[in-house]
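Structures incoming, each one as structure tokens.
The following pair of complexes shares a single chain, chain A, combined with chain B in the former and chain C in the latter.
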Partner chain A sequence: MVDLLIIGAGPAGLAASIEAASRNLSVTIIDEFTTPGGRLLGQLHEEEKDVWWNGVEEAHTLHEKAQENGVELLLETSVYKIQQEDVYWSTHTSAGIYHSKALLIATGATEQSLPLPGWTLPGVMSIGAAQVMTNVRHVKPGEKGIIIGLNALSFAISRELRLCNIDLEGFFLPPDHFLTTDQAKPLSVLNNLMTLSHLAPMNWMRLGGKIANNNRWIQKQTLSFYPKRGINIWQTPVHVRKAVTSINGSTQVESVTVVDLRADGTMIEGSEENLEVDFVCISGGLAPLTELIGLTDLKLIAIESLGGYVPVHFEDMRTEVTDLYVAGNITGIESAKVARAQGVVAGISACIHSFNLRNDDALEIAMEKVRKERAEAKLQFHPEIEKGRTLLYSEKGEVQYG
Partner chain B sequence: MTKDVIVCRCEGTTLEEIATIAAEYQCSAREVKLRTRAGMGYCGGRTCRGFIDYIVSHHSNHQELTLHHRPPVRPIPFALFREVNDE
Partner chain C sequence: MNNFRITDHPILKIPSSRSVISFTFNGVNYNALDGDTIASALLVNGIRAIREHEESGQPRGLYCNIGHCFECRVTVNEREGQRSCITKVSNGMDVQSSKKLPTPFKKEEAQYG
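Right after this comes the complex of A and B.
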């Protein structure tokens, strides 16, 4: 029996463990992967000129601090069931059952896919898998690849692949069908790209974003004049008027078929061409990984700007279920810095609400830090994150729970 | 295209099959799952669960549309159940 059990050793889980352990709680963290850090392990991006965010270093720093504070870490261990008993939680794992007074679920996010003909062939992977192969395993995913799906995640990871000298044919849209919806429509994709216009290297978009913000006419003009060879972002051409209609190959990826689109998204007959590639990255964005929440009495609520269904929780990371806390991307898709700051809040909050630690101003300071990280985030996954958070934290009583 | 788009990778169930069954029987996601095996493969629906919910919610008038989570939420060896029962 430990005081606090944490599921997930990413930025949120590790940061929470340090806060709780340094306040004399006994803490165990469980993670499925071989190395602590979660998605930090794949991250490497330039936040401002010559200022780099190195996720591996950050993971290392957090891990060391956790160890110094006596946190126990169980790696390569999967949680398959959680259950609240009378006064404690039971966590069933591939390495046995663990008991704890309090439980923090910091399982992060899962990638969304974009199904299309041929996506089950070997050589097709999620964009995150390509990131793990390259940055964590140091394995080249292939000789030449293509990215399907235009969003913040695929842009950030494409740059990391380019830094490793991996050849990319470009970004293309998925084919337009029932499950790809807005991600396959040139106008809505362009719209979404303009909300990412604060990403430093995309000057043309920053300009375009300012002018075109919510102006449909200008957006349509931009689409009509969009260059046929695409516009390069970090040396990779971005195509908003070309879609991949199928991935081809007998036993593995050999090529993709792409087709030109009109500004309204309809296909131009006879424009099909085959591009030779040996790997394909699909990027449908991220969604909170909530399957363990589904085993509890905690309600989930759909908030689009936070990436889908999120567990109902308070700003101090408590939930309505006694001794159950959440932190990180499970509460909404945001940057690793926000996740880490939320972890600090959750760690302190657990000490106060489950172990009667005196509530000094540490909790309020930690919550203020989350707000600050959110406001200053360089990589924002949705333009209305703050609105989503406000909905969750300020008007909680009035929200229709899904 | 919909009959060439596989939704459940484990069981090879297509977008067309799921949409057709949902529309024909006007049923829940759970019933669609039992009729087509979509979401019942090795991974336990970890890739396609959201897609199945989405397709069913747009093709069926049934009230209860989403699939529930039940343990184990990860594939585990049968030996683990034995250990749990021995305790």
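Right after this comes the complex of A and C.
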């Protein structure tokens, strides 16, 4: 029996463990991955010129601090069931059952897929899979690839693939069907790109984002003047009017078929073209990984700007279920710095609310830090993230907890 | 063996002294480096098809690479259903593809049986 058990050794779980253990709680973290750090491990972004956010190093720093504070870490161990008994939690894992007074679920996010013909062929993978292959495993996913899906994550990772000298044919839209909806519509994709102007190295988009956001006429003009050969982001052409209609190959990926689109997203017949590639990355966006929440009494609520269904929780990472806490991307899709800051909050909060530690101003300072990281985030996954948070945390929020 | 192994990188430090280990996949011997997962070791050995779909027999490879999708299932030292993307290779490990399963009650196959 430990005081606090944490599921997930990502930035949120690790940061929480350090706070709790340094306040004398006994803490165990369980993670099914091979290395501590979660999705932080694959991250590599240039935040300012020559200043890199190096996820492996950040993860290493957190892991070392956790070790110094006596946190116990169990890797390659999967949690498949959690259950609240009278006064403690039982966590069922591939290596047996663990008991703890308090439980923190910090399982992070999962990638959403964009199914299309041929997507089960070996060589087709999620964009995050390619990121982990290069930056964590140090293996290239292939010689030449193509990226389906235009969003913050695919842009960031394309650059990481380029750093490994991997050839990329470009970014293309997915085919338009009921599962892809807005991600397959040139106009909405372009709009979304403009809201990502902080990422885009193109001034016209930055400007465009401000002016065009609510002006359909400007949006349409931008789309019709969008160059046919695409616009390069970090040397990779971005096509907002071309979609991949199928992935082809007998036993693995050999090529993709792409087609030109009209501004309204309909296909131009006869424009089909085959491009030879040996791997395909699908980037359908991120969603909170909430499976384990379904085993508790905690309610989930859908908030689009947070990435989908998130567990109902307070800003101090407590939930309505006694001794149950959440932190990181399970509470909404944001960058690793926000997740880490949320972990700090959760660690302190657990000490106060489950172990009667005196509530000094550490908790409020930690919550303020989350707000600051959120406001200053270099990589934002949704332009209205702050609105989503306000909705969730406001005392009498419009959210119906029903 | 292809040249997918990344040996230098402009920002990341790539460890250079990893020892060579060997494992078998479907009975064939392959080399890997200490720290590889089964999935990454197969990829550098030019193998993308990790298992067969249990009903159609079609090849499947890794998809998410972080343990979420279960597309990369293999049998490791006789333990079925292990995810090759989050399982490290070890020396002498025996890895088998998950194979197509019989579907005796399916109409088309009944005709031949």
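Here is the rule we use: the second predicted complex is superposed on the first by the 395 of 402 C-alpha atoms of A that agree within 3 Å, B and C clash if a C-alpha of one lies under 4 Å from a C-alpha of the other, contacts with A are read in each partner's own complex, and residues count from 1 in each chain.
Methods note: contacts are C-beta pairs under 8 Å (C-beta built on N, C-alpha and C of every residue); 3 or more make two chains touch, one makes a residue touch a chain.
Please read all numbers here as calculations on a predicted model, not as lab measurements.
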Fit or clash - chain C, chain B, common chain A: fit
First, second, both or neither for A:178, with chain B first and chain C second: first
Chain B versus chain C, judged by how many residues of chain A each one touches: C
A:251 touches, of chain B and chain C: first, second, both or neither? second
Included angle at chain A between vectors to chain C and chain B, based on C-alpha centres and rounded to the nearest 10 degrees: 60
Touching partner for A:295 - first (chain B), second (chain C), both, neither: first
Which of chain B and chain C A:134 touches, first, second, both or neither: second
First (chain B), second (chain C), both or neither touched by A:377: neither
Partner chain in contact with A:56 - chain B first, chain C second, else both or neither: second
Touched partner set for A:121, first chain B, second chain C, both or neither: second
First, second, both or neither for A:287, with chain B first and chain C second: first
First (chain B), second (chain C), both or neither touched by A:80: first
Chain B and chain C, minimum CA distance [Å, superposed model]: 5
Intersection of the chain A residues that touch chain B with those that touch chain C: 32, 78, 110, 113, 120
Complex interface listing, chain C residues touching chain A: 4-6, 9-12, 14, 36-37, 40, 43-44, 48-50, 53, 58-69, 85-88
Complex interface listing, chain A residues touching chain B: 32, 78-81, 92, 94, 96-97, 110, 112-113, 115-117, 119-120, 175, 177-179, 245-246, 287, 291-292, 294-295, 308
Chain C partner contacts - residues on chain A that touch it in the complex: 32-34, 39, 44, 52, 54, 56, 76, 78, 110-111, 113, 120-126, 128-130, 132-135, 137-142, 163-164, 251-253, 289
Interfacial residue positions of chain B with respect to chain A in the complex: 1-2, 4-7, 9, 15, 19, 46-47, 50-51, 54-55, 58, 68-74, 76, 80, 83-84, 87
